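Following this line, the structures themselves.
Two complexes follow with subunit A in common, the first pairing it with subunit B and the second with subunit C.
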Partner chain A sequence: MSDIAAFWLDSLPQLLAGLSISLQVTGAALAIGFPLGLLLALGVQSKVKAVKLPSLCLVEIGRGAPALVVLQFAYFGLPQGGLTLSAFAAAVFALAWNTGAYTSEIIRAGLESVPFGEIEAASAMGMLPRDTLRFVIIPQGLRVAAPALLGFAVAVLQATSLCFAIALPELTSNAYMIGTITFRYMEILSLAGILYAAICVPATIAVGVLEQRLGKHAL
Partner chain B sequence: MIHGVALGIPWTLAVTAAAFLIGAALGLPLCAMRMSKLPPLRFIGLAYIILFRSIPPLLLVFFFFFGLGSGFLPISAFQGAVLGLGLITAANMAEIYRGALSAIHFGQWDASEALALPSYSTYIDIIAPQLIRVSLPSAASYAVGLLKESAIASTIGVTDISFNANYIAKSTYQGLTVFGIAALFYIMISLPIAALARFADQKLRARVAL
Partner chain C sequence: MNHIPDTVNLSRMHPVGEPDKPILRLEAIRKKFGEHVVLDDVNISLKSGEVVAIIGPSGSGKSTLLRCVNMLGPATSGRVVIGDLVIDEAVPPTAQQLTQLRRSVGMVFQSFNLFPHMSVLRNVSLPQERVLGRSRKDANKRSLELLARVGLEDKADQYPARCSGGQQQRIAIARALALEPQIMLFDEPTSALDPELGLEVLAVMQELARSGMTMLVVTHEMNFAETVSDRVIIMADGKIIEEGASREVIRNPTSDRAKRFLKAVKDR
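So, the complex of A and B:
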């Protein structure tokens, strides 16, 4: 038992370095992905075909293709088109696209939950459509979408483990690396699992609590 | 090139189907535990669900394939992928069943009691058929998600769509085309599943008491 503890203690710094990269990828992907999701949600609802069709394409491909395939497409595929990304940039590109596509649906549902009467009231008061969007629809819609968005943020952290496939030294890759050297896969993968769980379990519980609280206000 | 990627379709389908069946079956007792009146059972159910939804599927699959496989229990890549994805599916299916259970009208329980049906008959004849119908749409969209998640089986060497795409992309340097084809295959497989689920949902929804 003390043997495992010593092994864990030895490898912890390398895993924490990996976790830090996982969190950086998550943060960057969310920082790009959430605004992208909002834009795509508005784009899909647009009446202008030149806006609507590309948005729909981005959403459907982002939701239809596995995140792993999008990731490999970004890292191994884009060089064919003349764009070579670093592993980190490719990871952010793929996960931001994934986040944008999925959250656009969450945000769209949130925006649609704003009662039509409020939009009518805004237009009766002579508000411009863009002001209605900015001050009436988006603030309320995002509040409804908030729990689902946070839930998705947890999923993105888990999805960073896919970056193993493009040799980004994040948590899962580092654990695997230590495993190949020491051949103690079981212990090291367990420790990596504990690290993921240490972040995701409290986050999941917090999202559940938030959902219940907001649910009360909705009624 | 298209043919090479297409060779992986049976493996993608096999991993998805096997993991889904394990999850759909294991999810039932798990849901029962989660909603049990006995605190220890309820705690174990809840802990399982939260834990398995908090660990990345890739890590869990590695855990079974490399961790268990390295000297504890000989396990093939296919078995490792199915086991890892199946256990995660069980946690998610348990939550889907729980949601569906709350959608079944409480009058159904009252009526069963009023008719003095034994409790197994209440579950098997009254609740279970409706539970399956109500949970079908969520289960189907989870299955579509699982289809895409099954791509992680390629990282431990299951020769599915992603594995073949990766192999061909690295040997031809035409990643843009190859991964485009792979993505198209995944979308093409998920469309009929979604359509079938919508069709079945319309047929079955009529047979749920409100």
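So, the complex of A and C:
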């Protein structure tokens, strides 16, 4: 038992370094992916074909293609087309696209939940559609979408483990590396799992609390 | 209610233009949903400061008519004339026409339609800032005046969900008034309310009528129609079947259809 503790203690710095990269990828992917999701949600609803069709394509491909495929495409495929991305950039690219595509649906549902009467009242007062969108629809729609978006953020952190496939030294890759050297896969992967859980479990609980709070303040 | 300001103030609140010249004319309004004729050649003319109540059975086209006035749901044909603004219902209005129309005409809905994520004060101030370009400070000042006028200045910092239905509707009235409309449309403003709460809304509307606001009010409140409005219009099946001085129309309707409707209302 003390043997495992010592092994874990030895490996911890490398795993924490990996976790830090996992969190950085997650943060960057969300920082790009959530706004992208909002833009795609609006784009898909647009009446302008030149906006709607590309938005639909981005959403459908992002949702249709497994994240692992997009990840490998970005890292191994794009250089063939002359664009070389670092493993970190490729990871952010793939996960941000994935996030944008999936959250566009979550956000669209949120935007559509805003009662039509409010939109009509704004219009009757002479508010421009873009003002109505900005002040009435988006703030309320995002509030409705918030719990699902935070839930998705947890899923993105877990999905960073896919970056193992492009040799990004994130948490799973580092754990695996230690495993190949020490052959103590079970212990090291358990520790990696605990570290993921240390972030994801509280985050999931926070989502639940947020959901309750928002529910209470709703009409 | 004790918040009704003195009459000197009232006369200045809604300056009356040229008396006797109509401020709002609805001309030959027709509307079809598919093959279904919902409005059939409706003509209404309102003088400045006049209060007209529209009553009639459910489904007779009252809401549809109000929505034609401010182009929330344009008619199939007909014209809306407000001063020098002439709107052809069959033609999409220019952005400028639509802005002028929406600024001239305020509307209050059965379902209040306040913005639930904003405080009461924000609800009333935001449209002023976005539509009239008022500064936050000026908008808030005006909002507080109007909230006081509807008896709700102490609710300024609350959220709408914390207010009763009657209070929410009075806030909605303040929000519309803040944009300085020439004409106010009301679509069954008390139908979603318990009778008592309806009364406080009716009191605000009565004060508004006295202050000289031009009002077109769809209502089920016969008492309001009879005592507050100058004229009553009875609609059925998309047509005006009876109109005239309020008391006359309600006490002595001439057509059978109107008699049947009024009897049904009284027996309710």
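One rule holds in what follows: the second predicted complex is superposed on the first by the 215 of 219 C-alpha atoms of A that agree within 3 Å, B and C clash if a C-alpha of one lies under 4 Å from a C-alpha of the other, contacts with A are read in each partner's own complex, and residues count from 1 in each chain.
One rule holds for everything that comes next: a contact is a pair of C-beta atoms (placed from the backbone, for glycine too) under 8 Å apart; a residue touches a chain by one contact, two chains touch by 3 or more.
Here the structure is a predicted model, which means the values were calculated and not measured.
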{"item": "Subunit B versus subunit C as contact partner of A:Pro139, first or second or both or neither", "value": "second"}
{"item": "Partner chain(s) touched by A:Phe76 [first = subunit B, second = subunit C, both, neither]", "value": "first"}
{"item": "Touched partner set for A:Leu128, first subunit B, second subunit C, both or neither", "value": "second"}
{"item": "Larger contact residue set on subunit A - subunit B or subunit C", "value": "B"}
{"item": "Which of subunit B and subunit C A:Glu118 touches, first, second, both or neither", "value": "second"}
{"item": "Contacts of A:Ala5 with subunit B and subunit C, given as first, second, both or neither", "value": "neither"}
{"item": "Which of subunit B and subunit C A:Cys57 touches, first, second, both or neither", "value": "neither"}
{"item": "Contact residues of subunit A, present in both the subunit B and the subunit C interface", "value": "none"}
{"item": "Residue numbers on subunit B that touch subunit A, as the complex places them", "value": "50-51, 53-60, 62-63, 66-70, 72, 148-152, 154-155, 161-162, 165-166, 169-170, 173-180, 182-183, 186-187, 190"}
{"item": "List of subunit C residues in touch with subunit A within their complex", "value": "70, 72, 98-99, 102-103, 105-107, 109, 111, 113-117, 126-127, 130-131, 159-161, 172, 175-176, 179"}
{"item": "Touch list for subunit A against partner subunit C, complex", "value": "115, 117-118, 120-128, 131, 135-136, 139-140, 143, 217-219"}
{"item": "Residues of subunit A defined as touching subunit B within the complex", "value": "60-61, 64-70, 72-73, 76-81, 154, 158-162, 164-165, 172, 175-176, 179, 183, 185-186, 189-190, 192-193, 196-197, 200-201, 204-205"}
